[in-house]
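Presented sequentially are two complexes of subunit A, the first with subunit B as partner and the second with subunit C.
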Partner chain A sequence: MSIAPSGPLAALKAAADSFVADYQARKTTLPGDSHVRAESAALLAANGLPGPREEAWRYTALRPFAEAQFKPTAKAEPSAALLARLPHVEATRLVFVDGRFHSELSGVPAGFRVTTGEPAYGTLARPAAEKLVALNTMLAEDGAAIHVPANTDAGTVLLASLATGAAVGFHPRHHIVLEPGAQLTLLDVTIGDGEYLHNPVLTFEVAAGATVTHLRTQDEGAGAFHLSTVYAEVAEGGTYDSFALILGAKLARMEVHARLAGPNAAAHLNAAQLLGASQHADFTTIVRHDAPNTASRQTVKNVLTGRSRGVFQGKIEVARVAQKTDGYQMNQALLLSANAEMDSKPQLEIYADDVKCSHGATVGALDADQLFYLRSRGVPEAEARAILVRAFLSEALDPISHEGARAAMEAAIAAWWAKGGRVQT
Partner chain B sequence: MPAVAETLDTVQAATEGGYKWGFSTDIEMEMAPKGLNEDIIRLISARKNEPQWLLDWRLAAYAVWLKMTEPEWAMLNHPPIDYQDLHYYAAPKKKPGPKSLDEVDPELLRTYEKLGIPLRERAILAGVEGADGAPADGDRPQVAMDAVFDSVSVATTFKSTLAKAGVIFCPISEAVQEHPELVRKYLGSVVPTNDNYFAALNSAVFTDGSFVYIPKGVRCPMELSTYFRINARNTGQFERTLIIAEEASYVSYLEGCTAPQRDENQLHAAVVELVAFDDAQIKYSTVQNWYPGDAEGKGGIYNFVTKRGHCRGARSKISWTQVETGSAITWKYPSCVLQGDDSVGEFYSVALTNNYQQADTGTKMIHIGKRTKSTIVSKGISAGHSNNTYRGLVRIDRRADGARNFTQCDSLLIGDQCGAHTVPYIESRNPTAKLEHEATTSKIAEDQLFYCRQRGLSQEDAVGLIVNGFCKDVLKELPMEFAVEAQKLLAISLEGSVG
Partner chain C sequence: MLQINGLKASIDGKSILNGIDLTVPQGEVHAIMGPNGSGKSTLSYVLSGREGYEVDGGTANFDGQDILAMEPEERAAAGLFLAFQYPVELPGVNNANFLRTALNAQRRARGEAELDAVQFLKLARAEAKRLSMPDDMLKRNVNVGFSGGEKKRNEVLQMALLRPKLAILDETDSGLDIDALKIVADGVNALRGPTFSALVITHYQRLLDHIVPDRVHILAQGRIVKSGGPELAHALEAGGYAAFIPEAA
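== the complex of A and B ==
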């Protein structure tokens, strides 16, 4: 790792330039649409990386990431220990190692189509608006294009990203299409060891009456940077139902753009961020209601210990045509240590009058009365705290109906708590 | 045609130009030439006979302002403001004190009459000699008043009564002459000259405003009130208010504003600074009714205001209550810096926008001291083609053990062409602090309307009633007379928007 010139802006500029230089050197060998790639390279060269003055980035500084240097991916094999961390569920496996599709570790889809070997760009992403998406588009080398035909239940797909831990950067690009009436449960698990950059972009096209359940576990290595962007476009009567468990990485930013484009479309964007040490994690959502009778639900819980910093930015936009919108958003944080910090920005932007939109946010410590109640009934302090934290998270976890995924997440939460979540320094 | 649309049309036709404070007064004015430069600032300072330090302070602020750019983060749209196309100083020409009301410029008196200021106070405001000492009429609650006409304070009432209690209430230009040590000590200590673009501009060119000093242990014997009026064409109003409440003192201060109806936009950029020491309380209430522009969005005041209070002492309390119905553009965030342990900040706000009005308003509560508490209650009502944004910050410092915040933001939309937005920032760095934020957006429920209509209320009255109910949590914080006025104002401002 080398250090770029000082000053946050200089560091960001240098990092963007080095990514563009990497692209220039390798562009003839990169697979897929070279035109789309070149456009994004021009955008990145002109606009750079998100800086501290940008409203959408006011709580998350990319400077530490800009100061690290990442090599392009080299082919590597995951350790047995890493493979063992994958959830034990019955699913069609699509495994990517350091951003590259690994066919030996992956399964064969039945009843739906998967294409790999080049970035699955799709048409929903906006590299001009989101700078990290421009970075992804420019350097993407692989990804999964998942296509579920009409009225087909594709069952459960495990989309796993394993990082072996060399100082590499990878930018996978996945595109998921559900034809009308189709169904898919996507377990999106990103794990790894060490220091690396993982900058995936996932786009979901959910056609009329289709339902995608997107269950994410981000448990990247302790020195990793996880910067992901999701776009979901939901047609009439369709549902994008998601939950994200955020545990890992040194610096994480998960950005989700959900657009409810047809009447009766719905989106659920639930998340739990469990952070310790000096971790920084940012969960940012933008839900756009663009049709009448659409509904969105968001429950985001944060448990912060050590010197960690949790960020939640959630925006609900209601267009003039989107009458009868029902939008709900709840963001809650538990600060379990003296040096943890929570920054929350729930936003409503409403242009239709016949709507029901609300948001709530709370920040505080564990309730002393509740602790006392448990202690007075003989529950040891540490256990009482664990019970209360688990209860705090349940509102976000309860909607997960996939039993295997849920069990894996419960286990990950228990492991987090045992490993250090309860150490409140 | 549905009943709703029908009412909307008839009402709209009947109430074009419903702004009843839209008159202008023909008074002989003394004006500085248009434009802003160091010479104009020197002229303002010389007209006010200011000491050198204040001129230097203004010039320094001007130098800072030149380097700043207008903020763009608010959800507001307006054509660029030409700061060189304004008069920065306009004052009614003063003749030697008239002996009775008969000698006062009748135009000035008519203005006060239209504004609803009581006759005896009108005499004082017009500068009739000897009017100040007269006893108050009966049991009517006493309110001391300072009137600021364009750029200068024209008169202050009840001065002698206040002086007996040790309270200083006078135009800030007078305070500069009479109490320079106090002004110098506190001016810019809450809102520094480089705080923001409009505060810097105000610091450079402010012409008048009110100054209040409440000594230790004194409960101000009456409500203090300042009445602001922009009258002259092409002027900007830049008033500066400074209120200091010493230990264990109390003051309630009211502020009202109106402006004539004109086609062009006028600029208003005020700064208000409050300082509260140990156990002191300041209650600051505003009914802002600057001309909002016509139904097509033409004209109206651009209102860019910086208001901030410092709770410097332990157990001090600053409470902001505002009813914002006027202005084409409102950019205003009355804030509290809660420095003293156990200090309390409150913000109660009703912001109503109609036609093409735009409001981006809210508060900042900065918790520094231990066990500091803040309450935010904001009610936004959008009608017509207007946009109404609540923008607020609650920040809990690492040292603020046991801090507490409660925030409630509700928006009401009337009609399908308006917008209501909520942009709260919640930042906590202390695990013992407890923060709660809640926001809702809704429209007037059909069943509520039906209930009122069925009992014989007109559509308009029903909406007025429901809106007043929606705002009740805020209106009850206003002093009684102000609350009555505010309720009427809400109804008038909603005219033509019922749906």
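== the complex of A and C ==
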């Protein structure tokens, strides 16, 4: 008599096998580079999905994801309600529905190039190192390749992922290239209803003197899994400036790898995680300083209610050559309920001797004196709490210079609060 | 306007107020003077509804309502204002937005129309000017980076905008130089009239040279031990508190 393996490792193995089987069944019809795809299939078959024994996954267990079932996507139409949740901003729209490019909902770029219809793999992703990236590479079906020519301002692009909640799994693969001196503001909005898997990979090549502003809103369905990986490589004098508003999903992991490859390159990885009920969200950053005079800034704010759990892992690596590195990392959490939990793991690996690196983490509740001060002026308690929560977020939100994006995020935060973010149990 | 009878209160099981009897009629300004630890701040916090204070007995009636049963914001909307001894800093909260939110919350609670941003700013700028406050104090975060004098002026600005029926000024004079003290006193005096009452809590007689009270009460060991006219403050200044404090048993 044989005993079937059980437990988290068996569930992860079974899920990886199921994804590989899906690939085997459909591989002749999947678009794009079949060689890259086959390599990742072999990696996934050999390495499986991230498990609880890996240090980088200590605080985020993928078992609930492994136990769910996802179908391949089909062409779908988003509801009017879903479309209405897109920010009302002047932008070139690139809309994906259940992971597939939807041309009727999208606009035509002017002055820069966009290609869709197959995965935009690029060369920055590391499927051998990041298992979810191997999964993405193996099953990716669509994505946007955005190419901004030198010294061109592409303005604002709204890259929207709408999920209809049809229990599908999709793995978009986007690649964004900014040639020297180019500029782009990318509003990266991922929203949806219900249950599904959204496992996107975005890669950014930021050439010398180029600036990309990556403003993300993750507001997925209540039963959704959002597992995203971003790679940004920044050349001399270039900037990867990002902010992520994280509101959604049942289980979310947003991993960002930023490499400052040339002198005076900069990266900002700011975020606000607002979680409630039994949501779990993990914001993990790896910033590598590989050249002198590079700067990185991370201000990550967490507001946790209900039984939610927030995770922040921030790693700063400073190579020996990266003298005069300026690294700053601050992670703060506001716990609005006794059952919420924040796990914070800063890591500094510094091999240069002339650097300025600082990090800090705080966890606390709303300040009773501040709450009383507001109430003593006639502000009702719920409104006073909302004001203090918004004030807590301001350090991360205020640097967002794109007015329209910031207004949309403010509205999303207000809606989050109104719909139950203030629930304290 | 305010009628307190036999008010007893404690914090963490320690009795602080031991039966306060005090009446402040409408339109009058009363001063409460007392040494450190006499219960001055506790009285102001109990009346404004701060958490952590246990009312063990007695009543407090404000404008016909039992205020001890009300939430802090309800007390404010009913017309009670506390000028804090240590105004609280609110990083990330713009002062003008804060003031407008407070004013409109009270107006809403009273069924009055809210002020829009333009109406409000006009009003706030005029009041700020009267208090010699630079315009930029409205643009800054609430009390963040304010000097002691600026914080107190900001309290008086809030009072001027909110137009309370009764203001409790908790050691508003502490940490003020003489010029700031005059500005603050002028701000309070400007509100005096038949519909404004105040309870001025202070350690020193100095403030009462500028805000001349109708009555002075001496608080010691959680009780009012002596009441009189403005001359009582001068007697205190000359003789100190010792003459008014009952000997410890």
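Operating definition for what follows: the second predicted complex is superposed on the first by the 419 of 425 C-alpha atoms of A that agree within 3 Å, B and C clash if a C-alpha of one lies under 4 Å from a C-alpha of the other, contacts with A are read in each partner's own complex, and residues count from 1 in each chain.
As a working rule, a residue touches a chain if its C-beta (ideal position, glycine included) is under 8 Å from a C-beta of that chain, and two chains touch if they have at least 3 such contacts.
Quick caveat: nothing in here was measured; it's all calculated off a predicted structure.
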Three-chain arrangement built on subunit A, subunit B and subunit C clash or fit: fit
Partner chain(s) touched by A:Phe372 [first = subunit B, second = subunit C, both, neither]: second
Partner chain(s) touched by A:Glu403 [first = subunit B, second = subunit C, both, neither]: neither
Touching partner for A:Glu104 - first (subunit B), second (subunit C), both, neither: neither
Subunit B, subunit C and vertex subunit A (Cα centres) - angle in steps of 10°: 80
Partner chain in contact with A:Glu90 - subunit B first, subunit C second, else both or neither: neither
When both partners are placed on the shared chain, which of subunit B and subunit C touches more of subunit A: B
Partner chain in contact with A:Pro380 - subunit B first, subunit C second, else both or neither: second
Which superposed partner A:Phe392 touches (first subunit B, second subunit C, both, neither): second
Minimal inter-chain CA distance - subunit C and subunit B, angstrom: 15
Contacts on subunit A seen with subunit B and repeated with subunit C across the two complexes: none
Subunit A residues within the subunit B interface of the complex: 55, 320, 323, 333, 335-365
Residue ranges of subunit A touching subunit C (in the complex, touch as defined): 368-370, 372-381, 383-384, 387-388, 390-395
Residues of subunit C that touch subunit A when the two form their complex: 48-51, 71-73, 75-77, 81-82, 84, 87-88, 90-93, 98, 101-103, 105-106, 109, 158, 162
Touch list for subunit B against partner subunit A, complex: 73, 396, 398, 411, 413-443, 499
